[in-house]
Structures are given as C-alpha cells and as structure tokens.
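Following are the structures in question.
In the two assemblies presented below, chain A is common to both, partnered first by chain B and then by chain C.
Right, the complex of A and B next:
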C-alpha cells in the first residue's frame, strides 16, 4: 500500500491534470477492488450514526477540554491566556502555594468509594442470597429489594434531605446518640460523608441486587445438588460454589460501582451544597458553574478521567486473574 | 428454610422501623397555586424575561407580568423561570457564547460586575435620560439606588430590594424579661439575649437555643457595611476601578466569626452548617431557637410558617448587631432588572417599557405589599395600599429605618466584583471549617479564604483585560 501511494505521488507530481485525475481514479478503483477496503467503507457507513454522535458529544468535547485545560478562559468560555499545565499543578497541589483543597477532595472521593462500593455489593449479595430462597411470596421481597432502582438519584436525594433534616425525630435521635455538636448530620464533617454514603448505598442496592440475583440464578443447580450429596452445608455451598461463580458479576459490580461512586454528583449537589470537604466531581462542577473557571474545570475533568482509566485498568488486571469464568 | 424466613422477616422489620422513626417535618413548604398567563394579543412584540424567584415570590412576579401584559397590547412579556438567581446568571454566561439571551433578566447584585462586563447590556440610566425620566432616579430609595450604581451610572433598574435582619421570637423575649422593641443592638447585647433565651431541661439538655447560626456571605457584607469597612479594595469597586483584593479578613470580619463561634461554644447558639439557613428558619418558627438571621423578604413566610407550626412564636425583628459607636448601616440585597442588547429594536423598546412599568409607584407598592421587599421608589409609600401594608406588618418599618440609619457611602454599599458568588463560597467554607475545628482561629480561616478569593479575582480581572 505504501509503495503504491509513493509511486502515485511521484507520478502525479509531473503528470498533467487530466492524467493526474485518471491515476487517482485508478488508485481508487484498485482500492475498491480489495474486499477488505470495501468492508471498511461499509462498516464506517453503518457505524456513522454512532460515530457522528460520538464525535460531537464525546471526542470533540474531550479534545476541547484538553485544550481548554491549558488556558485561562473568559466568561464566554473563550481561551484568553495559555498557561500550560498550571491548572493541573494547582489541582494536584504541586504549584508550591500549599493550597491542597482540590487534592483533599480527590481523597474525599476515594473515601466515598470505600464507604459505598463494598457495603452495597455485600448487601446486594446478601439480599440476593435471601431472594433465591424458595418460599411463597418471594416475588414480593424481590420487588421490594429492587424497588430503589425505580427512584432516581434526584428524588432519592430529596427524600433523604428530608430524612436528614434536623427537625425530624430520626435525625435528632441519631445526633443525640452520637453526641454530635451540630444538629444536622450533614453539617458535621465526621458524619456528612457517611450520611451521603448511606443514601447512595440505599439508592444503589436495587441495581446491585438485580445483577447479583441474575448472576446467582445463572449458576447451574446441579452444582449445588452434587455439593449437597458431597455433604456441603449452606455456607460451604455459598463459599465454594456461589462466590467463585459469581465473581465475574462481582467484578462487573465493582468496576461499575467504583466509576459510579467516583462520579457521584447528584447526591452531593442536593445534600451538601456549598459544603467544604466535598468530592472531586462536585468541586469540578463548582469550578465550572460557580467560579466560571472553565479551564480549571476542564483540567479537573481530565484528571478524573485519568484516575478512572487507571483504576479500571488496574481492577481488570488484578482481578481478572482471580475471576472464574465458566 | 425457617432461618431464611426469619432473615426475610427481619429485613422487613428493619425497613418498617426506619419508616416509623420518620415523622413529618413540622412546616412543609406550601405549593402556591400557579398563575395562568394572560393571552398574547395578535401582532404584539414578544419580550423574553428571565427571572430567578420561585414559590410565592415567583407567583407575584407572574402577577406583575400579567398586570403589564393586560395594561397594553403592543408588547407581550414572556416570563421564563430560571430556577434561582445563580442559575439565571449561569445561563446568561452560557448565553454569551451561544447568543441566547433574554431581553430582560432579573439578576441579583452578586451578578452586577459580570453583567457589566458581558458587554451585552443597555444601561438603564441611558434610557431614562433619553426619555427625560431621570427624576425617577432621584426618587429611588438612596440605599437601593447606590446598590446598582457603579462609577456613577445606574446600570440596571432595582426591582426587589431587601436587607438582613435579626429575627426574634417576641414571646420568648417578653417571657425572659427582655425588650423586643429596641431594634438597635450591640454584639454584647445579642450575646446576653442568647444566654437569657437559652432554656435547658432538668437534665441540662438545651431545649431552646438563643440563636441559630449558619455561614452566609451576605451577613458578612452587612457587618462590614455597618462598621464602615470595605469588604473589597479599592472602594468596594464602586468608583469605576475594579476591585483587586478582598478584605474580609479584616478585624471586624474576624470579630463577627469569633462572636458567632463563641456563642456556639458557650452552648447558647446552635450551628446549622453550610446551607443551614433553611434548618435555622425551621427551628425558629418551631420555637427551637429564639433568634435567627434572615432577609426582611422572609418576614411574611416566617410569620405564616410560625402560625402553621403553632409553637406560639411571635415574629419580631431587630437590626443586625453592631459594636457600640459603629456609624454605618446595612446594605441592600435582592435583584434588579437588566436590559440586554439582543433582539430587534422593538423588543428592546418592549423590554424598556416593561422595566419602566415595574418602576411605577403602584406596581412597586403591589410588589412590596405582596412580598416583603422594599418599594424601590419612595413615591410608593404615599399610596394607601402601601400604608395599609406597613400598618399590618410594622416589622417592615424597622427594616426601612435600618437602611436609612446612615448616609450612603461606598463603604456601606454592596461591592461589585467578578467573583462575587465564588468569594461567598470561599467565606462560607472557611467559616464551616473553623467551626468544625480545622482552623485554630477565625483569622487563620479568613486569611486562607481571602487568599483563594484573591487568586481567583486576579484571574478574573486578567480575562477581562483581554
């Protein structure tokens, strides 16, 4: 292919215009004659609706964000001054001023992931184990366990902001029990993040439960039968059959859950507006919408992208070796 | 199988217990009945109007729009709700790039500098001068007028203006032997009041705190204005020169934060955290706190919420507290109407015609009586409906007196800055961090916040310079 192109290039440099067009047409014909190239064209054509959407809504904004992240912008979002990697250094507290507020919010994001993802998966697997029981009315329980999937994060946030309102008895009781200085769970730095995590766990249980239950039901029952014949108890069956065969599902939930928790925004927007010690994505939103620092917000979104990319790769690498696919 | 049944049952029980622990909040916000728009006359010019007030206040705006639309048939104002003041200015910013801007926008004073810098607005003063109506400016409430004048030019038409008050439960004051009718109070007096108003049960648990505390930049600005201190330098940005640095780590700023912190530490005030304004007002109307900081525009809402709550709270107001000898006054907050240069000349004329309508004394009186904002033109006070309103709610008079306490200076007028909204967040977060023990002193907390504000201010000024 390369040789063809270079030979055509040299010949066109000297040839008259008509001959040049002829050679390019010949080249096109020759290329079209190859089935692989034909397939590629058709493939691109068929994919074009998706590609066009991806281009305008994913790739273009992505590269635009990289571009903006190296500029100070004005109110209309136009770049005003090139500042290189200054924003990245500022966010990662490498600019020498000792301002660590953005770095701290990255740490808060990771704390939030740890508070949400393991509990929600454990709870979902626990509930899914219960929901596989063959008792009458189990469908009702399955529906109940799934129900939080039907409530959007925004609605859930509003419901929980009412629950966490300091004038409700549940909150007053809990605040007194813990001996907190402020009457609002969301105003105390020690309880704010756990409170949002509880709401997020509640909200995420429905989805995690369905996936875990589906994963469990896909495990062939003859494995349990033969295990029972071998004298395995309920726990042993769970430990040596359910868990290993569920591991692809668990890996999926872990990856999806981690990405979701790192990107959590709605609940923070609704429950902890303006609060310090919030998560990185919320800080990014603030930098964009309230501070109107589009360049800084772009840099922050690139940083969260890199974090997610690395984390997902690591999770796949490390865990893929330990996952049992049937 | 039995074990499974028990496990399932216990899950169900936990859920039921969670439900039973919940009780309905005392005062749920009432949803106002929507105001239907009047039909658009054939051949009228549409004027798009963005506004940021919701709930009952938003409904009164719609009523004003309907009054205007039925008063003439050349123009038709189409009001578009933008969820909040913040969202309105954000959408304006987004519109600067896309060109989608309204003909008229209601913008809070925090957006003044950004609106001027947008380069897309027509100063109201130019239009008043063109129509020979400059006497309206002279009739404006001086504090209100000063709030929207930058470098001697009135850029926007004040529409809804308010100021901050110290709300008190008059019943609790009388019960504790305190005087609820002397509005001028010092910090020391408020501290004494808070101690006297705090009620403990037999076990020493507080059942009513003297004061509710939450961080709010607007209150910090009030305290600076009362004490004749610039919050931003130079000159609060009012002399045509941009502010280049913030000054709220001033002695009075530090004193204010330490004052509130001291009362919380003493156990006579309670801290509701960032965004705690709603919690504080709920506690106030339920009698859980006896004093609460809020805008005078909240008066009507607080009175009706207190009636609904039925805890015997009698809503009164005092001035914002001050040091003895402080010679300033509180600043005005609220929003004004901005006319943009978008659309056809007819639309721009329509926008101006609508804004002129809102400045009429009878419209201002209608607006004021139904909301709790000041009338922006003084002629409104002479109208019978306004006088009846003041008689029904004497608390308003206290608020009016408060903004007339001192001569207008740049020090007691709201500052203008391109990072007005962000600066408030920096302050609120530093305040919260100090209250939660992350800083050793208010000075340290405010110094850190001012450093962040100045970093961003410098960047903003740079983007405007080119």
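Right, the complex of A and C next:
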C-alpha cells in the first residue's frame, strides 16, 4: 500500500495537470475498490453521531479542562495567564502556604466513602440472603428492597432534609441522646457527615441489593445441596460457599461504590450546602459556581479524574484476575 | 406420623419467621417514604408529627392542590419527560450504529474507534463539567432542551452493551445476507435491531431512569423556573417555601417519583440486566 502510494506520488510530481488529476482519480478508485477501505467510509458515517458527541462533550472539554487548570482564568472562563501546575500544588497543599482546606476535603471524601460503602454492602448482602428465602410472594419483597433505585438522590435528599429538620422532630431523640448543641444533626460538625452517609446508604441499598442478589442466584444450588449432605449448617454454607463465590461481586460493589461515593454531589448540595468542611466534589462546585475560579476548579476536577481513573483501572484489573475461589 | 407433624410445624414457624423478618425490614426501608407521605397528608402545618395524629382526617387532596398552587410542576414534568425521552432515543440510535460497526465491520483503524468508545467511559462527568458548561453557555443552550439532551446522546456504556449483544448473534446470518445483496443498513434495521430487542429495552430503561434522575447538569444549565427539571424543581420548591409548608413539598416529591417507580415495577427485568451488565462478567 505504501509503495503504491509513493510510486504514484513521484509520478504525479512531474506529470502535466490533466494526467495528475487522472492519476489521483485512479488512486481514489483503487482505494475505493478495496472492500476494507469502503467499509471505513461507512464505518465513519455510522459512528459519526456518537463520535461528534464524544468529541464536543467528552474529549474536547476534557483536554480543555487540563488546559484551563494550568491558567488563571477570567470571569468568562477564558485563560488569562499561564501558571503551570500551581493550582495542583495548592490543592494538594504542596505550595508551601500551609493552606490545607482542599486536601482536607479530599480526606473528607474518603471518610465519606468509609461511612457509606462497607455498611451499604453488608446491608445489601443481608437483604439478599433474606430475599433468597423460598416463600410465596418473595417477589414483592424483592421489589421493595430494590425500590430505592427508582428514587433519585434529589428526592431522597429532600425527604431526608425534612427527616433531619428539627421541626418534624423525627431525629430529636437522637440529638438528645447524643447531647448535641444544635437541634439538627446536619448543623453539628460531628454528625453532619454521618447523617449524609445514612441518607446515601438508604439511597444505595437498592442497587447494591440487586447486584448482590444476582450474584447469589448465580451460585449453583447443587453446591448447597452437597454441603447440606455433608452436614453443613446455614452459617457454614454462607461462610464457605456464598461468601467466597460472591467475592467478585462484592469487590465490584466495593469499587463501584467507592467511585460513586467520591462523586457524591446532590446530597451535599441539599443537606449541607453551607458546611465549612465538605467533600472534594462539592468544594470543586463552590470554586466553580460561586467563586467563578474556573482554572482552580478545573485543576480540582482533573484531580478527581485521576483518583477515579486509578479506581477504574483497579476495577478492571480485579475483575480480570477473577478473585480467588476457595 | 409424629415426625412429619413436627417437621410441618417447624416448616410453618420457619416461614412465619421469614415473613416477620421480611415485613420488618421492608417497613424500615420504606419508612422515609411513609414519613414523607405522612407529612404530605397532614395539611399545611408548621409542626407536623411523624405519624398523623388524626388518621380519619387525612388530606389526600394535597396531591391535586399542589398542581394548583405550583402549576409550574407540570412544566417541570414535561421538561423531564422530553429530556429523558430525547436522551434515550439518541443513545439507542447512536449506540446501535456504533456497536454495529464494532461488531461487524472490518476496516483499517477499527481499534482506534474501539478505544475512543472505551476512553469515553474513563472520563467522568466531573472532569468535563466546567468546559462543557462554558461551551453550552457560549452556544446559548442554557434554558433549552438541546442543553439538557445533546451532551448525553452518546454513551460508551450503551455502545459496549449493544456490541456484546450483537456478538452473541450468529455471524453467518450477516455474511449470508451480504452475499444475497442485502445492504448494511437494511440488515441492521430489519434483522439485527429486531433480534436485539432485549438489549435495546435494557439500554432504554437504564438510560431513561438515569436521565430522569439527573441533578447536577440540569442544575447548572437551567436558571429560569420554567426550564427546571423535576429533580431540580422539587429542591428549589423547598427554598421558595422556606421549609414552612412541608405538605405540598412532600406531595410534589412523591409525585415526581411515580414515573421511575412505575418503570421499576414494569421494567424490572430490563433494569436489573442493565445494572448487572458490568457486575457479573468476570
């Protein structure tokens, strides 16, 4: 192919104009005669809707964000002055000024992950175990356990903001029990994050349940039958059959849950919008939306991207390795 | 006789125990929804109780009154439906076409297209948010349906879901159709897509639900009250009322849940297969 092209190219360089047009037409014709090349044209045509969208709304903005993150920007979001990696250094508290609030919000994000992900997986596995019971009408209960999938974070946030609202008195007992100074769990620094975590757990149970249940149902039932013949009890069957065979599913939930919890925005916007300490994604929103610091916020969003990329790669790695079956 | 009797009794008590557990757990899980229903039915009081004090005097008309007091809710619901349908249709079309190419075509540079689709899955929404917002603002797409729809009508997830499904269908069918002079598009439209109805349904339910429940993007690209979607609407509702009128807000919140709850009940199988698509493939 390359030889062909170069031979045509050298011949066209010296040929008269008409002959040149003829040779290039021949070249096109020859290229079109190859089925693989013809397929390329059709392929590009068929892929063009998605390619155009990916270009304008995924790849261009992604590289634009990297570009903006290295500039001071004006109010219209245009770069004004190149500052290299200064914003990254500032966010990671490496610029020597001693301001650590951005780094603290990253830590808050990971604290939030710890408060949400392990409990939601444990609850989901418990619910899934319960939902494998062979009783009539179990399907109704499965739908109830799944229902939080259909309830948006915004709806959940609105409902829980009223649960935590002191005037509904739904959480007064807990505030009294803990002896908190403010009547709202969301207004006390020590309970605000756990309160948002509880709402997020409630919201995430449906998804985690359905995945855990599907994982359990994929375990061959003859394993349980032979275990029962060998005299294994319910707990032993769970510990030595269900858990090990479920481990790929659990790991999937762990990684997906961590990614999701790190991206949490809606619940923070609704439940603790003015909290001094918040998660990194919400801190990014504040820098972007309220302060119009597009450069700084872009640097923060690229840091989120890197953290999530590492987790995504870990996810693919683990899923490919097929977690130990013992 | 005696043995089977005690076995039966054991079985019944096991069943009863399971039912009690199932019901208790269900009530706990549903309690936030029951709480919101309770607040909705108590009338415009500033100090509602968790469970209505007078169960014979419940204000069911609140679900109608909320539309009279806040007629803009109808517009929010329309906006959400248009956006969710638009995105779903766009994702179905663009994903099917792209997946068709990945599964059946053979041409130089196919790997590059594969990686463009794969790469789109690696870039999270947060990383593109700010330039996307600036771009959409610059194009004058704020407070418009194109602003809510167009950025989402291509989906890497959709492409790979459809590609996986296409690959399970026999390749010989495609080759035979091509030999018989069937055009590529005819094959996609008349053979492949009808055969792929389960995958299309899964993708449609999943995309519709995701778009209906979107919050962050609609919050940014809509500023006029009539351009809000339901999800953003119910939260600014709260700010309007200053938290004083719980009943209408809870009624509105419950109303906007209906479409997705219906989708969950009617399209549960599709939804579950969509959600588990990534989970169980080791």
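Note that the second predicted complex is superposed on the first by the 262 of 326 C-alpha atoms of A that agree within 3 Å, B and C clash if a C-alpha of one lies under 4 Å from a C-alpha of the other, contacts with A are read in each partner's own complex, and residues count from 1 in each chain.
The working rule: a contact is a pair of C-beta atoms (placed from the backbone, for glycine too) under 8 Å apart; a residue touches a chain by one contact, two chains touch by 3 or more.
Since we're looking at a predicted model, the values are computed, not measured.
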Side-by-side fit of chain B and chain C on chain A, or clash: clash
Partner chain(s) touched by A:26 [first = chain B, second = chain C, both, neither]: neither
Partner chain in contact with A:281 - chain B first, chain C second, else both or neither: second
First (chain B), second (chain C), both or neither touched by A:173: first
Which of chain B and chain C A:163 touches, first, second, both or neither: both
Which of chain B and chain C A:226 touches, first, second, both or neither: neither
Touching partner for A:273 - first (chain B), second (chain C), both, neither: first
Touched partner set for A:218, first chain B, second chain C, both or neither: second
Partner chain in contact with A:127 - chain B first, chain C second, else both or neither: both
First, second, both or neither for A:100, with chain B first and chain C second: neither
Dominant contact partner of chain A by residue count, chain C or chain B: C
Stretch in clash, chain C with chain B, out of 23-31, 113-121, 167-175 or 203-211: 23-31
Set of chain A residues, in rising order, touched by both chain B and chain C: 76-77, 127, 130, 133, 135, 141, 144, 162-163, 165, 167-170, 289
Chain A - residues contacting chain C, complex: 36-37, 39-40, 42-43, 46-47, 49-54, 56-62, 64-65, 68, 76-77, 127, 130, 133, 135, 138, 141, 143-163, 165, 167-170, 202, 205, 207, 210-211, 214-215, 218, 248-249, 252-253, 256, 263, 265-266, 269-270, 281, 284, 288-289, 294, 297-298, 301-302, 304-305, 308-309, 312, 319-320, 322
Chain B residues within the chain A interface of the complex: 1, 4-5, 7-8, 11-12, 15, 18, 21-23, 25-26, 86, 90, 93, 96-97, 114, 117-118, 264, 270-276, 279, 282-283, 286, 288, 419, 421-422, 425, 428-430, 432-433, 435-436, 438, 451-452, 455-456, 459-460, 462-464, 466
Residues of chain A that touch chain B when the two form their complex: 72-78, 80-81, 99, 101, 127, 130, 133-135, 141, 144, 162-163, 165-170, 173, 181-184, 186-189, 272-277, 286, 289-293
Sites on chain C touched by chain A in the complex: 15, 18-19, 21-22, 25-26, 29-30, 32-33, 35-36, 39, 46-50, 90, 93-95, 97-98, 100-101, 105-110, 113, 116-117, 119-135, 150-155, 159, 184, 209, 212-213, 215-216, 219-220, 231-232, 234-235, 238, 243, 246, 249-250, 253, 256-257, 260-261, 263-265, 268, 271-272, 275-276, 278-282
